[in-house]
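Shared between the two complexes below is chain A, which pairs with chain B and chain C, respectively.
The block that comes next holds the complex of A and B.
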C-alpha cells in the first residue's frame, strides 16, 4: 500500500511541471507580459520594477524558474480590479465552488447509481429502456441550456426557486442540479454496464444458488465489485466538473472561482486568471490522487499490481 | 459488405441535413444574420399569437432574425467541431501509435504526459488563452484540438499494443520491413475503424464544448452568429424573449444527438464487443 502511494505521489511533480510550463508559455506568447500584469495607469517606474521582478532581462529558463518560485510562495501578483493579492481573492471564492461541486456530486451519485442499478436489474425491460434513452439524450443536452430551462420553469414560471445568487438552500438547488447533469448521464450508463458485466460472474451465480435475496446479492456481491470503473470514471470527470462549474456559476451568478475567472478575463485581470488556473489545476491533481487512493482501498488488485 | 443499421441511417440523415444547411446558408437564410433592425426587436416566433411569418423563430434584442443566425451558426459549429477533431485525432493517433509500437521509455513518457494533461482541462486552457490572446476561430480550434488528444492516444495505444503481437506484423518484421512501413501499411489500417468511431463521437463533444465556451464569452467574439453566442444573448432576455435561447438550445441538441447517434451506430457496427457498453 505504502509503495503504491509513493509511486502515485511521484507522478504529481510531472503534472505540476506541465501545468506551470503551459501557463508560463501562454503568458509569454504576447511578447511583453508587462501589459498583462499592469493596467493603463502604470508608471514607467512600475514597469521597470515589474520587469526586474519577472526577470525579463534573463534567459527564458531563468524566468520560468522565477515563475515556479513565485508559485511555491503563492505569489501571483496583485489583482488589477480588487487591488489585493490575487491569491487571497481566489482563496475567498474556493468555498462557494466546493459547496456547489459537493452538492452536485451527491445528486449525480444518487441519480447515477440508482439509475444504473435499476437499469441493469431490469435489463431490456421498460424501466431500462426509459432510463437508458434518457441518459443518452442527456449526453447530447448542453447542460447550460438545461440550466436555463430550469430557470424558466422553476424560477420564472412557477416562482418556486430564486433565479440566481446566494442565500438559503433554495439558491443551491438549481445550480447543483445543473452541474450534476454534466456527469449524471455518463454515470448511469457506466454503472449499468459494469453491474451487468459482474452479474455474469460465477460468484454471483453461487450467491444466487445459495438462495440469497436479490437485493442482498446486488448490494453485497455485485456493487462492491462493480465499483472500480465507477470510481475511475470520477477521476476522468473532475475536469468536466470544473468546466461545468464555470458554466453553472455564470448562469446562476454563483460567487465561486469559475465566475471569478470569467469576470477577470473581461476585466483583463491576468494575475487573478493565472492564480485561479493554477489553483484549480492543483485541486484537480489532488482530486485525482484521492480517486486513485480510494480505488486502491476499494479494489486491492490495483495496489498489488 | 457494410450494411448500415437504423442508428447509422438516422444519425447520418440528421448530420447530412445540418451539413447541407451550413453549405447553403446564404441561400437558405431569409435575412442577413448580422443585420440589425431596431423596428422589429424581440418579435416572437410564428407559433406565438403576436408572431409573424416574416420571422419564423422571432428576432433577438437587436432585431436580428434568429432563424438566420442559427442557420449561419451551423457553419461555425461544424467548422470548429470537424477541424478541432482532426487536430486532436492527428496528435493523439501519432502519439498513441508511437507509445504502443515502441513501448519502453517512449510509452512511459507519452502515457504519463496524457495522465498529467488531465489536470489541465480545456476550460482552463481556454480561460488562459483568451485572457492573454483573446478569442478567435483559430484559437478555439487549437484549444479544443490540443485538449483532447488523450482520448485517441489511449484507444490507439491499447489497440497498437495488441496488434504489434499479431503474426502478420511479426512476418513483416522478419522480412525486414521498417517500423514506419509496418505502422503505415499494417497497423494504421486496422486502427481506422476505431478511429472513425472515436472521431465521430468527438465531433459531438467538440460542438458541445464550443457552444459552452461561446456561451461563456470565451469563444468567437459577438456578433458572430454561433449557437453559443445566440444562447448567451438569449439568456440576458430570458424573461421577455425565451425563444432566442431555446431555439439555439434545440439546434444544439438536435445536431449533437445526430452526431452521437451516428457515432454509437458505427461503434456497434464496427466493434460489436463494445455494443451495449456505455
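The block that comes next holds the complex of A and C.
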C-alpha cells in the first residue's frame, strides 16, 4: 500500500510537467505578454526594457525552464488585478470551492446511490420507470440551465433561498444542487446497472439461501460488490465537477476558484490563471489517487503493490 | 414416538420459465420423499432439471420462474409460505451448497463474517459467540489454522477450502436438510473424495438429511440411500440404491450405469447416442425414446407415468426391463 502511494506520488511531477507545458505554450500563443503590462502609449524603449526584465528576450525554452523553476518555488508572480501574489489569491478561494464541491459530492452520492438502488430493486416497475426517466432527463439537461431554473423557482418565485453569494447554509443549497446535477443522473444509472449485474451473481443466491432479509442482501452482499464501477466513475468525474464548478460559481457568484479563473482569463491575469490551473490539476490528481485507495479498501481483491 | 411424516415430501413439483412470451416447463411431475437422516441422490445430465428442482425447493429461482405443486417440509408447504417465513427456514432448517465454490462466496466479505452471518441472524448469537462457533465449524470441516482463516477473503483460498467454508456455513445453524448441488463437480478428483467423505461424516454425526445433486453415479452408489434419475425435467426412475444399480427398470438408467467407466479398460466405453433435447424441441411421447435402444412405436405415443416395479422402486417406462407392468 505505502509502496503504491509513493509510486503514485512520484508520478505527480510528470503530470504537472505536462500541464505546465501545455499552459505555458498556449499562453504564449495567445499574445505578447508585454502588451498586457504596458498601455497604448508605450515606447519601443520601454518595451525592450520590460522584455529584458521579464526575460522575454531569452529563447523560448529558457523562458519555459525559468517558468518551471518559478512554479517549483510556488512563485507564480503577482496578480495583475489584485496586486498580490497569485498563489495567495488562489489559495484564499480554494476553501469556497472545496465547500461547494464537497456538498455537491454528498448530494450526488446520496441521490445516485439511493436512486440507483431503489431503481434496481424495483426493476421495470413504476419506481424504476420514474427514477430512470428522471435520470435520463437530468443527463440530457444542461446543468447551468437547471441552475437558472432553480434560481427562478426557489429564489425569485418562492423566495425560500438566496439567489447568489455566500453566507449561511442557505446560500450553499442551490449551487451545490446545481453542481450535483452534473454527475448525479449518471451515477443513478451506473448504480442501477451495476447493482442489477451483481444481483445475478451466484453469491447473491448463496446469501438468499442463508435466509437473509432482502435489505441486508442488498446492502451487505450486492452494494459492496457493485461499488467498484461506481467509485471508478467518481474518479473520472472529478474533472467534470471542477469544470462544472466554474459554471456554477459563475451563475451563483460563488467566490471560488472557478469564478476566479474565469475572471482572470477575461482580465488576462496570467499569473492567477497559471496558479489556478496548476492547483486544480494537482487537486484532480490527488482525488484520483484517493479513488484508487478507496477502491482497494472496498475490494480486497485489488492489490495495489 | 418418532414423527411418522417424512422430513420432506415433494408432490407434483413443476418449474416453468417464462421466456419469449411462453412458458417452458423445465421440471414437471416430480414426486419424492425424504426421511430424517436419509441421503437422496438426484441424478441427471446437464439440462435435466435437477438443479432447477433443488433451487425450487428453497424458491431460489429467478423471478421469471414459477413453481407448481407442493413442497412439504415438516408438513409446511414451502411453495406457499410467505417470504418472511421462508427466510426463517432458509439457512436454519434447510441449507444449500453450490457447484461453484469459486463464485458462491461473496468476494468482498471475509469468510468469517460470511459464516457468522446466518448464526447471528437465525440463532441471535452475539458477535463473540458466533465467532467462537465459526472457528469450531472451520475446525470441524478440517480447515487448518481456523482462527487465522476467519479474516481471509475467498480469493485467498483454494477451491477445496472454499467448498469446506460453504459446508461450514451451511451447517452453522444445524439444519435438518442440506441441498448439495453438484458440490464436487468443480473440484479436483482427490479433493472431491475428501469433500464427500466430509459430508458423509457430518451426516453420520448429526443425522442430517442430504439431497445430493450430481451427474456422477459413482457418488450416488457410495453415498446415497435412494436415488432419482431425471431426464428432460421428469423423473425417469427412482428407488433404493441397491435396486437401482442391480435391477434398473428404465433403459435410460441402464444406459447410464453401463456408461460408468470400470476397471476393465479393454473394450469401448458404452455411450448413449444423441443429446438431451432442448425444452423447446421435446419429442412426442417418451422423451428418451429417440435415443433409446429399446424403443418401440408405442413409445412415441405415451408419456409414461412412474410405474411401481417393486416397493419404493418406480420407473417411467412402458416396458421396463425384467418387470411386468400391472394392467393400469
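Methods note: the second predicted complex is superposed on the first by the 262 of 305 C-alpha atoms of A that agree within 3 Å, B and C clash if a C-alpha of one lies under 4 Å from a C-alpha of the other, contacts with A are read in each partner's own complex, and residues count from 1 in each chain.
Note that contacts are C-beta pairs under 8 Å (C-beta built on N, C-alpha and C of every residue); 3 or more make two chains touch, one makes a residue touch a chain.
Here the structure is a predicted model, which means the values were calculated and not measured.
**Student:** Fit or clash for chain B plus chain C once both are placed on chain A?
**Tutor:** Aligned on chain A, chain B and chain C fit with no clash.
**Student:** Which holds for A:56: it touches chain B only (first), chain C only (second), both, or neither?
**Tutor:** Touch partners of A:56: none, neither chain B nor chain C.
**Student:** Which partner chains sit in contact with A:19 here, chain B, chain C, both or neither? Use first/second/both/neither.
**Tutor:** After superposing on A, A:19 lies in contact with chain B but is clear of chain C.
**Student:** Figure out whether A:300 sits in contact with chain B (first) or chain C (second), or with both, or with neither.
**Tutor:** A:300: touches chain C, not chain B.
**Student:** When both complexes are superposed, which of chain B and chain C contacts more residues belonging to chain A?
**Tutor:** Of chain B and chain C, the partner in contact with more residues of chain A is B.
**Student:** Would you sort A:266 into first (chain B), second (chain C), both or neither based on which partner it touches?
**Tutor:** Only chain B; A:266 stays clear of chain C.
**Student:** Write the angle, vertex at the C-alpha centre of chain A, between the C-alpha centres of chain B and chain C, to the nearest 10 degrees.
**Tutor:** Here the answer is 90 degrees.
**Student:** To be precise, I mean the smallest distance between any C-alpha of chain B and any C-alpha of chain C in the superposed model; what is it in Å?
**Tutor:** Chain B and chain C, overlaid via chain A, are at closest 17 Å apart by C-alpha.
**Student:** Where on chain A do chain B and chain C both make contact?
**Tutor:** none
**Student:** For a test of understanding, state which residues of chain A touch chain C in their complex under the given definition.
**Tutor:** Chain A residues touching chain C: 201-203, 205-213, 216, 220-221, 224-225, 298-301.
**Student:** Please give the residue numbers of chain A that touch chain B in the complex, ascending.
**Tutor:** Listed in rising order, the residues of chain A that touch chain B are 11, 14-15, 18-19, 22-23, 26-27, 29-30, 36, 136-137, 139-142, 144-145, 148-149, 151-152, 156, 186, 188-190, 192-193, 196, 235-236, 238-240, 242-243, 246-247, 250-251, 261-262, 264-266, 268, 270, 273-274, 276-277, 280-281, 284-285, 288.
**Student:** Which positions of chain C touch chain A when the two form their complex?
**Tutor:** 55, 58, 60, 86-92, 95-96, 98, 100, 103-109, 117-118, 121-122, 153, 155, 166, 169
**Student:** Can you check the complex and tell me which residues of chain B touch chain A?
**Tutor:** Listed in rising order, the residues are 112-113, 115-125, 127-133, 204, 208-209, 211-212, 215-218, 231, 234-235, 238-239, 242, 245-246, 248-249, 252-253, 256-257, 260, 264, 276-278.
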